[in-house]
Amino acid sequence: MKRIALLTSGGDASGMNAAIRSVVRVGYVRGVEVIGVYSGYKGLLNADFHPLLPRDVSGILERGGTILRTSRVPEFKEKENQLKAIENLKAAEIEGLIVIGGNGSQSGNYALSETGFPTIGIASTIDNDLWGTDYTIGFDTAVNTAINAIDKIRDAAVSHGRTFIVEVMGREAGFIALDAGLGGGADFILVPEIPFNIEKIVENMREAFRKNKMHHLIVCAEGAIHGRDLEKEIKKYMPEADTRVSVLGYIQRGGPPTRFDRILASQLGEHAVDALLGGEKGKLVGIKDNKITLIPLKDAVTKRKTLNEELYRLAEEVSV
Amino acid sequence: MKRIALLTSGGDASGMNAAIRSVVRVGYVRGVEVIGVYSGYKGLLNADFHPLLPRDVSGILERGGTILRTSRVPEFKEKENQLKAIENLKAAEIEGLIVIGGNGSQSGNYALSETGFPTIGIASTIDNDLWGTDYTIGFDTAVNTAINAIDKIRDAAVSHGRTFIVEVMGREAGFIALDAGLGGGADFILVPEIPFNIEKIVENMREAFRKNKMHHLIVCAEGAIHGRDLEKEIKKYMPEADTRVSVLGYIQRGGPPTRFDRILASQLGEHAVDALLGGEKGKLVGIKDNKITLIPLKDAVTKRKTLNEELYRLAEEVSV
Amino acid sequence: MKRIALLTSGGDASGMNAAIRSVVRVGYVRGVEVIGVYSGYKGLLNADFHPLLPRDVSGILERGGTILRTSRVPEFKEKENQLKAIENLKAAEIEGLIVIGGNGSQSGNYALSETGFPTIGIASTIDNDLWGTDYTIGFDTAVNTAINAIDKIRDAAVSHGRTFIVEVMGREAGFIALDAGLGGGADFILVPEIPFNIEKIVENMREAFRKNKMHHLIVCAEGAIHGRDLEKEIKKYMPEADTRVSVLGYIQRGGPPTRFDRILASQLGEHAVDALLGGEKGKLVGIKDNKITLIPLKDAVTKRKTLNEELYRLAEEVSV
Amino acid sequence: MKRIALLTSGGDASGMNAAIRSVVRVGYVRGVEVIGVYSGYKGLLNADFHPLLPRDVSGILERGGTILRTSRVPEFKEKENQLKAIENLKAAEIEGLIVIGGNGSQSGNYALSETGFPTIGIASTIDNDLWGTDYTIGFDTAVNTAINAIDKIRDAAVSHGRTFIVEVMGREAGFIALDAGLGGGADFILVPEIPFNIEKIVENMREAFRKNKMHHLIVCAEGAIHGRDLEKEIKKYMPEADTRVSVLGYIQRGGPPTRFDRILASQLGEHAVDALLGGEKGKLVGIKDNKITLIPLKDAVTKRKTLNEELYRLAEEVSV
């Protein structure tokens, strides 16, 4: 291969820039030209292509977001548009494609790979919900940001003897909620994967009040229940509860990436280039059992990654 | 004076602990016993008094919240309860009182001072809305937290070419919004003190789009308009706008205090003790033109502090 | 077992408190009494024992350092003192011991276990140099702190077009240097495990100057070469070099632990209790290939953990 | 005036970019062209001039360092070079100059102004040692970084019961040391402006040991005594002292600026433009008593700013 393309797609995640830097520089070292595609799949449709050299990715390792921009392009689900994209790539003499993104983005990537064009995905989403990889780029940074926010919120919770409900991201999955809850010392963690019982939570709170523990922290994934709704549910059983809700929102996406995300991104970038050059296609580069691994894109986007239930149980134990 | 009491009241603010530490240690140095009152005015009503020695305030300088706990006690507005509080103080042979808190708390403090009991207030609220003082303890930390959050959110705004609305605290006043907006590089800042025109904002956004600036940051004080409502308003004029809302919420209260808040808190604590010992009463200790100053509590809680309009204009200029 | 003891030893590492909290609370859930030993092995010699209940470890999850205090006790290498320690444990009807610490501390622990007394170690050192475990508690936080410092230092390096030498901890091993260097975007990384050639570094720098890249970042482990000495070496070959040295030092040990360290510490704490209760002895609890694992203490402290050379090579590639 | 030049000079300070952004955008609003001079006075000598438009300063508000680069140019002290600089400015039809920097840089600026060419300075140095201004851009960020580092170091100090010596920047002045020491809760603060007595410090430490306070934090300005030398001095009187030294170094210069520095920089930038346009020359823009003010450059660089001794005394009181 002489020329490969690179794009970022879907929700931005901290560490995407570190992955871009790695692909561009490893590509350079391997003697392959790397072409940046702007604004995700939109750029494939518009042939918005720009060569990237090592100096072009200077000073981006520590920056959140993505210098290639990103977008959500629902119309990319249409076969016609996918073929248009392949056409544009071929017209520019591009022989392979690397897509940095999460579930939806890798679905698009899988569709492209089904046309026979060599594509590789790099697992990157704060949600960490891609099957076959233990971690995705952006997850560690997102959870650290959430934990840092919870540390601040605990100050208020303790000072007032209040119950704080902290809603974190995760529409389909509770990975952020579980790690942020365990890492933030939450009393209760609500995730989409595990049923919860408001009455039991309220009972536990009453028990704690009797032991003079007046403050509580509840972390919920947006996909389990919204913070406001949870507050209403709790007040049904405990109208006197002094509750506050905090929705962490978009701060979870940005900021400088952590060690974990910078190094994971650098590794996945390198392996993505080497996979393409080695003749692989239709694969996602991820990390499994602390080793960089290739996962069939089809599996990555269709199989459901399960939550670590042992960790969930541990979170209950350490919050006694 | 041989014995004085100290309490924190109302919303917690980062730096309250630094002020507690200062009062306790300066009191010790001046030879006066400092009694901590737990849970704000509630502790005055219950005579929840605990002597505080220099070692009791070790390791709290860097912690958000307040080790004395805080509360909101609406019934403290009743004369009867105020007299009960004074009675409890006198029964414990306490000769003066220092109240660390914001507007509502200093109103209670003013009421107490009107009975003739020597009281001093220390200006502490993240809202910075006490008349007569340029800054209050907790404001600088709150704004730094907001700016740090905006820095993260900008990563997503730029990467997606989106409009982000960031709602910060401030029910009555736009101090946090103005400083967070100017410091965070917001394109528009909405505060309760200054009328705004959604149509004009939308017009400016369209103008920017024409110049290919696709992302925007709007910072609004909760007291000017809620983020969700602002989003609806914008969509009325610009249904195609790609907007997201982030409500920063309680992270603004907590966390380790900044240099500014640690030093201000240490200074105000010292001057509060010295004011009481010097025979002052019914005063708020604050900072004006970079000098520690005493403000009549009555003025502090009844007069309205105005926003720095020059700073607001500057924010408009530097966002061109 | 009805009663177990817990101590922290050697250099403090962020996340030790999270491990203490986990041991205490999981112990409580399992129905075993946990006795805190103060100041490491010194506390074993003095029988400085204090029962720990779940409330005693409230609010420590986010704090650096160790509430049990720590120490270095060279005289604990003497058999006589080890027997004295076992005697004190038995006199207090303590049936098992958990030691949180790094290489030196686990050597002492191994010695104790050789007497037949049931002991378990929890891998905790910022240096990450315990054989058999991929990570140790405190390493991730230390490297994140180093990366954050390097991010700040790069601002000056770029602004002045200077060469900055950043010395990180690691007397025997380059784990911190490698991850901080790769994560911080260093141009060169010097570790004890891999020989380096100053002349070649200087040559590369000259090459970069020709391409108009004027700033450089060199990260060195203290065990490879001290920053000041490296500066002298560089100046031998390049007297005109505009160099500065920054020794990061003790900031690497403290501060609030990261997600990684909080969760690892919680997991290792739980498994340490369960290992003891399950009849294990003379083992270190660590993490291998993303799974919690038991390593014979003897192996952990006598075998030499090797650096990931692939990661080292990657660091060279992404710094082109 | 139709065209003005802007440069940054001397040691970089966080917030310089915010000041650049303000000068460029306010200049644009006022209808004056702003020309960026690269690498400080070196760029004046080489006529390294580049027009700056509002979009050129996008995304720099939050970045440490200076996009205009900086340098130290000792030969700029020579009259001949100053005249060469003025010649270059005039040749480019530049009618005024703004210099962002500290003491040395403003001395150069004063020399230029003495030729009659209209120049204005913006007070920016982490050292805060310019006469006539209460604060300089970069000081607040530097001290916050130092305080954050001290917070981490205290974890180790407390855990080991050790004495930590933290050396901060400040060759001529103790402003950073005083604020970092007071804000970081130091037991002793050593500054160039105030004589200190090692024997008395050691005496106080012994006294604390007797009260079972085993850890100590000493903050020293590099200009008062170097950390290593202080350690030796202490060990003369107290050979058994368990001391460690941490030299904070260059992390104090960089990183994202704080609220204080972003807003101060925005204000000073605006006022510098307006001062030039209003016909002022040979002045430094600073802040005095919370108001933006103009100081004769001659005074700013020749008079000695005094340390706030009340604050120093307060630091002693709150460390009892």
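When the chains are written out, they are named A, B, C and D in that same order, and each has its own residue count from 1.
The rule we apply is simple: a contact is a pair of C-beta atoms (placed from the backbone, for glycine too) under 8 Å apart; a residue touches a chain by one contact, two chains touch by 3 or more.
Here the structure is a predicted model, which is why all the values come from computation and not from measurement.
Undergrad: Hey, how far apart are chain A and chain D in touch steps, shortest way?
TA: 2
Undergrad: Measuring between Cα centroids, what's the chain most distant from chain B?
TA: Chain C.
Undergrad: Cα centroid separation between chain A and chain B, in whole Å?
TA: Computed value for the inter-centroid distance: 35 Å.
Undergrad: So how far apart, in whole Å, are chain B and chain C when each is placed at the average of its C-alpha atoms?
TA: 39
Undergrad: Need the CA-centroid distance for the pair chain A / chain C, whole Å please.
TA: 28
Undergrad: Touching at least two other chains at once: which residues of chain B meet that condition?
TA: 151, 154, 158
Undergrad: Every pair of chains that touch: which are they?
TA: Inter-chain contacts occur between A-B, A-C, B-D, C-D.
Undergrad: Please output the residues of chain C touching chain A within their complex, sorted ascending.
TA: It comes out as residues 21-22, 25-26, 28-29, 54-55, 59, 61-62, 134, 140, 143-144, 147-148, 151, 154, 158, 179-180, 182-185, 213, 256, 258-260, 262-263, 266-267, 269-270, 288-291, 311, 314-315, 317-320.
Undergrad: What does chain A use to touch chain B in their complex?
TA: Contacts found on chain A: 8, 12, 14, 39, 63-66, 69-71, 145, 149, 151-156, 158-161, 164, 244-251, 253-255.
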